[in-house]
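Letters are used for the chains, namely A, B, C, D and E, taken in the order the chains are written, and counting of residues starts over at 1 for each.
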Amino acid sequence: MIENTPVPVITVTNLIKQFGRFAALRGVSAEFSGGKLYAILGDNGAGKTTLLRTLAGLNQPSSGEFSILGSRKFHDICEQVGYMAHPSLLYDEMSGMENLEYFGRLYGITSSARCAEVIWAVGLDPELVRPVGQYSQGMRQRMSLARALLNDPKILLLDEPFSNVDLHSAGEMVRLLAGIRDRGTTIFIVTHQAALLEGAADEFVWMEAGKIVERTLDLKRLENIGESTGESKR
Amino acid sequence: MSAPSGITRVTLLKDLRLEWRSKDAVNSMLFFSLLVVVVFSFSFDPSAEESRQIAGGLIWVAFLFAAVVALNQTWAREIRNQVLDAYRVSPAPANSLFTAKVVGNFIFVSVLEALMTPLFVVFYRLRSLGPVWQLALVAALGTWALVVNGTFFAAMSLRTRSREIMLPLLLFPISIPALLAMVQATTAILNGEGARFWMALLASYDLVFTTVCLLLFETVLNAE
Amino acid sequence: MKKAFPILGVLTAILLVYALYQALVVAPTEQTMGAVQRIFYYHVPSAWTAFLLFFINFGSSVYYLIKRCATADIVALVCAEVGVVFCTVVLITGPIWARPVWGIWWTWDMRLTSTLVLWLIYVSYLFLRRFSSGGQTPLLAAALAVLGALCVPFVYFSIWFFRTQHPQPVMGGGGSIDPRMMHALLINWLAFSCFAFLVCWSRYRLEKLSREVDEAHAMQSLLDPGGRAL
Amino acid sequence: MIENTPVPVITVTNLIKQFGRFAALRGVSAEFSGGKLYAILGDNGAGKTTLLRTLAGLNQPSSGEFSILGSRKFHDICEQVGYMAHPSLLYDEMSGMENLEYFGRLYGITSSARCAEVIWAVGLDPELVRPVGQYSQGMRQRMSLARALLNDPKILLLDEPFSNVDLHSAGEMVRLLAGIRDRGTTIFIVTHQAALLEGAADEFVWMEAGKIVERTLDLKRLENIGESTGESKR
Amino acid sequence: MSAPSGITRVTLLKDLRLEWRSKDAVNSMLFFSLLVVVVFSFSFDPSAEESRQIAGGLIWVAFLFAAVVALNQTWAREIRNQVLDAYRVSPAPANSLFTAKVVGNFIFVSVLEALMTPLFVVFYRLRSLGPVWQLALVAALGTWALVVNGTFFAAMSLRTRSREIMLPLLLFPISIPALLAMVQATTAILNGEGARFWMALLASYDLVFTTVCLLLFETVLNAE
């Protein structure tokens, strides 16, 4: 367990990511300390997903650097990171349990009990035999979260985990995540439903046009920013 | 983290199970090769002697094209919901994935060959003058060559536009020596001649390309 | 550097003209084949130049894989492009020569086949470069270049058995050749190599420039806060 | 223009939809009158998507009937319906404008001006040449809404249109939809962000386990239902 | 709603444009056909007398392969983001879509054939004794037969995930008469014999199957 002292577990220095001629990240610099829950907010196209993918080692940054848990190479610490994306990252043809059992093996987790545990934790039933392709959108989303939680990561990168989940269950998921945070995990949640995280988040990070423009605890301030900009989408 | 070989095993088992449930790849391969056999038997009614001359080429062309159809689908499942990303963020080594895919494809194509060969034998009234075990060995070596390269290039063509057409464009030129060796070895054995040289060539081709593909696969997988 | 280019250009032009003179006038006419044989002075130097360029392509691809250096990638690309052009010249002059001499355009001969396969490999390399999108192109291309180069010895081994109609190598082989022919051949080769180098160089500068333009666009979209990139 | 009198434009009678042994819709009966905005709420797996797909003629109901605009065959009135789903229903390789131009032709719409108009309406820029596959998730969602609006439908079926859209723009989309409703269109919105629709919706429809269990104007009542049930998902 | 033929046209144009854009179509097709011919030459030494006799069959196998590659990706784009659903809720008739897809595939495969034929002629030193226009006609009729059935069954197998795995295999027995007619007609024309009967057979096969596919396609498309 990491103590709750502000040791930066993630340091990002002037990160730039270009897709051809378009820059999705335009110089992101920040430090994030351990054991906190960060909500990353921002308009569509602000670069939130790109930032998360870069941290997860799925994009090569065009320039700039970052270190996670003191390491510059993602591969060295990948066992301690959980990542959840827009797409489910699950095999449509297998049931939820089969999926988790497979992904568990990639992390050296062989116990089905652990898989069943995370499935219960996100509010699904591990005995559902239906393949994931036949799940409803929200169920798929939860199963995807379960996959990210599976290896009990120190750092969780979640891309819009609540977007198709019903309000009641989203609240439960927030409680679950807050509990995980309390046990020392650093959590990044990209979301458009900031209100859900109002009590739980330790900091709100507002991104705009590829930059972090504001970090605050006061959601109200961000709303003003949000209103004042965000016209046509780039 | 479990041993790489353990991960290869689970990945392979998962693929085999999924394939067994849907049977997509095997079906389309089988279908295609059947068409080839029938087209040939319509167009040419060979006597035993002549057919032995062309049978090597015939069989291998059928297998090659069937393999391309199968290889094109190798990564389809991994791409669908970007599952490949889940693999990439996990500590599992890239080569385990590659090995599992290669072995999986090898099994598919071998099954296909095992099913097709009797048809060829019947249609062309083939009778090998050389030892049959040598034929099996050539088939195994040749299939491995096709499958290693094919899996590698299929992964490569994932990263390109217009995947399906890209695979044969990349695979065929580099496989030509292997293909030639397979055809020549098969023909030689069917005619009761020695095929030592060709088998050695195939074996070393397999060795070199397997090694290099293993060395390069991680790079290709992690190219964004 | 800036000045070297035109100087080299002029030198190459002179060399090419001199080589042409050597090939068409100075070198003796071959007895059995007659004047057609003079295509030899283009056929063979082109082949050697192409081989050289492919070899450089291999070297810089390996270097790229190790060092991830953008210059190596451009060199590899440029060499493959120009090499394919020279290889195409071999594949065109060969049949032109073969038609009157052997009476056919093409035969599955060892040397012919291996040249064709080589050509196919590097064309597929160019296709890959063309079709792969985004920043990963150099990596994929370098991987393919390495595999392709490794394939070459196997090509030679596997077509060893083909009966061959094609003349044996002049260099190091047993056959004797008129010294004036040899001279013309070497001069041509030198001229071709210079020419190839020149083309590669300008192609290199072009490629570098277009990458810099892309870079500049990206920098601009970085500066412009709401930058609408179309 | 339909007048705002409560003439039922959609009548559903005892609709049942089974997937194999599992019943996703378990007897839905309801009438919906024209020119209103209905918010369809419910837990994950309640059958909302299935209901919408059935109304759009994409699923054959196992039993039961429904009529839309007085017709029992969807095909007869399909020109007057707009449908938006979870997946974008767009070609990833084409730009937004090209996509809309193509789909417009299917409805006999040949004017590019109309396409540009709906793209502006959802807050995007019609001149964006980037293919849709390279849009951010929220941008894709908006473009998908634009596609559904293209043929100026009398009935709009929208499956979670706001799920990945930033809060500010979601508000704008609600205003847009409310405006469309005011011009006589009947709109069904499946969503988990009921709060967004609080002022705009004419009725909230709560689904549970394949049935409509509550229709009300009072969001508070539904929250109680939501709390009391919604345990593990079927 | 515009006329069905108008919708066919836009759909076809859209497909062609995407194809054109995504793959520098002609270049890669040219290279692909070259590769296919080269692979065939390596497998069947074209100078051998026997292989020239089976050239009719060889050509059709090569075409068949090209067609399979094309047909395999016919619906891929439509499936990706469930764009097919957008088509289904629109008033556009199902048959417009089918016709557009068939014509698109026909164009694609025909271009490939046109590119491959000269290569085959050169490498195999073919010389037709019968009239060349007849060969072209047979090729067109045969390609149409393959493409209509192939497109239809490709759509069918989309809709019948796990239920009826054997469906693609239906195409096989159904296509046999067409294949037989194609190969026989080609061989007959190459040898300077009449091929009236086979061409009539092919034409009527085309007619019957096009009609039936058009009649059934809407059902297949709207099957869930």
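The working rule: a residue touches a chain if its C-beta (ideal position, glycine included) is under 8 Å from a C-beta of that chain, and two chains touch if they have at least 3 such contacts.
Since the model is a prediction, treat every value here as computed from it, not as a measurement.
When the partners of chain A are compared with those of chain B, the chains appearing in both lists are C.
Ranking A-C and D-E by contacting C-beta pairs places D-E first. Taking each chain's centre as the mean of its C-alpha atoms, chain D lies 39 Å from chain E. Computed centre separation for the pair chain A/chain E is 47 angstrom, with centres defined by C-alpha atoms. Per-chain Cα centroids separate chain C from chain E by 37 Å. Centroids of chain C and chain D (each the mean of its C-alpha atoms) stand 59 Å apart.
Counting partner chains per residue, chain D shows two or more touched chains at residues 125, 130. Residue numbers of chain C whose C-beta contacts span two or more other chains: 120, 123-124, 127, 131, 134-135, 228-229. Chain E has residues 22-23, 28, 31, 35, 38 in contact with two or more other chains.
Residues of chain B touching chain A in their complex: 1-2, 6-7, 10-11, 14, 18, 21-22, 77, 80-83, 85-92, 222, 224. Those residues of chain A whose C-beta lies close enough to touch chain B in the complex are 56-60, 74-75, 78-79, 81, 83, 85, 87-94, 98, 102-103, 105-108, 110, 147.
By the touch rule above, chain D contacts chain A in their complex via residues 19, 22, 41-46, 49, 86, 123-125, 130, 134-139, 141-142, 160, 163-170, 192-195, 223, 226-227, 230-234.
Of all the residues in chain C, the ones that touch chain B in their complex are 65, 117, 120-121, 123-124, 127-128, 131-136, 139-140, 143-144, 146-148, 150-151, 154-155, 157-159, 161. Within the complex, the chain B residues that touch chain E are 21-23, 27-28, 30-32, 34-36, 38-40, 42-44, 46, 50, 53-54, 56-58, 60-61, 64-65, 68-69, 72, 161-162, 164-166, 168-169, 172-173, 176, 179-180, 183.
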